[in-house]
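Below: one structure in structure tokens.
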Amino acid sequence: MLLSELAAAFDLILSGEDCEFTGLNTLDEATESEVSFFANPRYRSKLAQSRACAVILAAEFAHEVKRALISPSPYRDFARAASLFARRDGEFSGISAQASIHPSARLGENCTVHPFANIGARASLGPGCVIFPGAYVGEDCALGTGCVLYPNAVVLAGVEIGDNCVLRSGSVIGTDGFGFVRIDGKMQSVPQIGSVRLEEGVDVGANSCVDRATLGYTSIGRDSKLDNLVQIGHNVSLGGQCLIISQVGIAGSSKVGDRVTMAGQAGIAGHLNIGDDVTIGPQSGVPKDIPGGTTGGGSPFMESGTFMRSASLLPRLPEMHKRLLRLEKELAALKQLIGKEEG
Amino acid sequence: MLLSELAAAFDLILSGEDCEFTGLNTLDEATESEVSFFANPRYRSKLAQSRACAVILAAEFAHEVKRALISPSPYRDFARAASLFARRDGEFSGISAQASIHPSARLGENCTVHPFANIGARASLGPGCVIFPGAYVGEDCALGTGCVLYPNAVVLAGVEIGDNCVLRSGSVIGTDGFGFVRIDGKMQSVPQIGSVRLEEGVDVGANSCVDRATLGYTSIGRDSKLDNLVQIGHNVSLGGQCLIISQVGIAGSSKVGDRVTMAGQAGIAGHLNIGDDVTIGPQSGVPKDIPGGTTGGGSPFMESGTFMRSASLLPRLPEMHKRLLRLEKELAALKQLIGKEEG
Amino acid sequence: MLLSELAAAFDLILSGEDCEFTGLNTLDEATESEVSFFANPRYRSKLAQSRACAVILAAEFAHEVKRALISPSPYRDFARAASLFARRDGEFSGISAQASIHPSARLGENCTVHPFANIGARASLGPGCVIFPGAYVGEDCALGTGCVLYPNAVVLAGVEIGDNCVLRSGSVIGTDGFGFVRIDGKMQSVPQIGSVRLEEGVDVGANSCVDRATLGYTSIGRDSKLDNLVQIGHNVSLGGQCLIISQVGIAGSSKVGDRVTMAGQAGIAGHLNIGDDVTIGPQSGVPKDIPGGTTGGGSPFMESGTFMRSASLLPRLPEMHKRLLRLEKELAALKQLIGKEEG
């Protein structure tokens, strides 16, 4: 492909003479026949050394590379360029004779069902769904158009999944919520008779879990993206366009707004309300509601400024304690001195 | 079903005239043909607005709804009612010709083995076990009566599982414990030649892991329930009726008593003793033994009262530091003043 | 087997008369026909009571047991002894007719492919690989000699895996990294067109995830061992002989040196440099680079001494706050007193 073709495809400005390139790579690893990109200032020093034949970057840095593909939004335009070189896993297409598909299941046009995939009774798949080996679609599940279930993804009975959802390997949608009650002194599971609803464009990471509701639905809003090893409890309602990073846990019945970001290993207690446009830092522990627009971190969760100051003082606690001791000593001495004078 | 029939089945008192209902739902989502329940005071305001034809609740709230099913324990009786409407995943029954079952495996009566399930040499399943697609039972495993392995659950060789255990999708029982030792400067794995024993009624959540012991057994006591994404290290001994919430990790060789609750993302170090009836808060980090009956939280773990006060002061650390500075200044000034007088 | 044979095999000194033994067990559970070992001082009290016919231990403790197998490194030599009694899961060998193997895949000598395993187009397996049921090898993957994929392990397209790597059940190698960007106000996934490279001797725990790079490779160095439920983000570079304990998360593009240990539930932010021989405590949160050789813990991460002192003061925060209040009162009183004298 020619740089000029790439530039034309995405309205980039090519500075430097045109040439062929074969793919994309990092600034470090790109060869003379590969294009790279520059978006994170942290890596500016790599610009000069990169062997890339061209770099997608902002105008101000164009002079630092031999050939520039100037973009108002380099990361976005790298993403677009990458889509030209991306390929989907799994070359198999059609319906494998080694799959197990219940006769009452309804498959849309151009669905692919790999060997060892299971599709249950009365399940319905929209057109163009791809079900990889070992993936499980339970009875009465309804999948929209163009959904992809990667190897060993599991969707249990009756779950509703919108168009263009992606369930990564080992993700589990619709397992029973964690509800138990002592009956006659014995721990009994509370039947989880609700379900799960994923709206259009939801992406669930590898080995993440979205629990079935006790009643009603656990729901995830349009275009929300879950990373790997995330836990979504029963009856959670997550808004649209949320980014939930790896190993986050959201406990049962919490309601989360739109465009909320939760960084890695954060934990949200149950029955809370988290507003729109909230950003929650890594390893945060959220014990109570958070109003919309808040940014913060820490366990317990604090607004950003407070959290930064508090966190920076943790390593200084020993010093603070020493100073407290000194003050106590000095004050005692002073009182004694004055006591003497009085007497 | 009639409200009066439900009331009769579980000794509830129906206040209001009888009528048909079709199922159960939340106070918010229930239609006029559905029954709901009220147990968490947080949702009291929803009682008035609910369209539910009846609500399972405590006598004191009966007047707030059009029809009440009065219960001494509403959540428990909701659970009982829900069991009438619950259904088990998987309509297939019998032994699938698409499963792989070793000829030496012994299956009890009325077992169901789905397609793509694997049952190894000399494995034995009690009556009424259900093995879903992609589930794996290794050689020499012994499962009791009525165990359910959901899709893609894995039980490795030689594991012993009591009656009525439930292994959720993607759970892994009996993978090697994490033991390595440098031999001639090279990291070598320590063979894990022990096994895992789950007592009767244990429930293991989706994608949770219970490691095989180095020697002897990793064991989980009767009716203990593990949520999703939980890690149980090798040679851990967990008591009975424990509730281990999502993303908790218990490191190797720790001994945990009965009726212990660990909230989400808590971590327990190795080789510890945690007594009976201990309750450990979310994200706690437990570095040492905890005596029976203790309730607490924090990292490091503190008794409840201390933890509450300590946690509430974290956001006030910056303020405390300012006050410390002011005290130092004022005391210095005072000493100078007095110094002058002396002179 | 005779004690004398075991001693001879691993250069142990047998003190006490020879006898037959049948296996290995813990000090607690060993019978008179089993050998045990003693390495952790915490369990010294168990030496006297143990029924083991012999114990592998250091010379100084030999007199505390009826028969000793004296070793300079008891845990190491226990590991060696255990290897004599270890057995590999899965008795099946050969290539199952119930597996799905693409005609263009190349399998080395003595490979075992279990039922319901999938091997994609152009994938290549070195000699002696074992692919368990439900394991997935994507197209163009390259596995070295003697790799083991346990049940339901997943390796997505184009991943490169060195000799003698072990992928535990439910582990997922090469799932797309978590990269999204708003394009025209819509959250779009950034195609992850890189791959993953595991060097020789890497062990990935059950349900752990290693993400595919955006560009280039996510890489894990020789003999590094990952425990269960670990998350390795895209473009992470992990060195050799690292030990990454359960539920650790390493965010995208961080570079980790050799012989680094990360304890359970630690989290490493993205784009960081962690030096060689670093040891990171449990639940640590690492927000910035760590120089080689550092040992520490806490969130934010602190050097060990500081962390210990800081952590020990957390439970004393309420007391520190009380003392601060008292000082303020006493100082105010003193100033008033002196004020009076002045006047």
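Note that the chains are named A, B and C in the order they appear, and that numbering of residues resets to 1 at the start of each chain.
Operating definition for what follows: contacts are C-beta pairs under 8 Å (C-beta built on N, C-alpha and C of every residue); 3 or more make two chains touch, one makes a residue touch a chain.
What you are looking at is a predicted structure, and each value in this text was computed from that prediction instead of being measured.
Asks: Which chains are in contact with both chain A and chain B?
Replies: Both-contact set = C.
Asks: Is the contact between copies chain B and chain C built from the same residues on both sides or from different ones, judged by whether over half of the numbers are shared?
Replies: different
Asks: In whole angstrom, what separates the CA-based centres of chain B and chain C?
Replies: Taking the mean C-alpha position of each chain, the two centres sit 24 Å apart.
Asks: Do you know which chain B residues sit against two or more other chains?
Replies: Answer for chain B, listing residues that touch two or more other chains: 116, 134, 152, 170, 207, 229, 247, 265, 283, 299, 314, 317, 320, 324, 327, 331, 334, 338.
Asks: For the complex, give me every residue of chain B touching chain A.
Replies: That would be residues 23-26, 28-29, 36, 40, 42, 75-76, 78-80, 82-83, 85-87, 89-91, 96, 98, 114-116, 132-134, 150-152, 166, 168-170, 201, 203, 205-207, 223-225, 227-229, 241, 243, 245-247, 264-265, 282-283, 299, 311, 314-315, 317-318, 320-321, 324, 327-328, 331, 334-335, 338 of chain B.
Asks: Touching chain A in the complex: which residues of chain C?
Replies: 100, 102, 116, 118, 120-121, 134, 136, 138-139, 152, 154, 156-157, 170, 172, 175-176, 178-183, 186-193, 207, 209, 211, 214-216, 229, 231, 233, 235, 247, 249, 251, 265, 267, 269, 271, 283, 285, 298-300, 302, 306-307, 309-310, 313-314, 316-317, 320, 323-324, 327, 330-331, 334, 337-338
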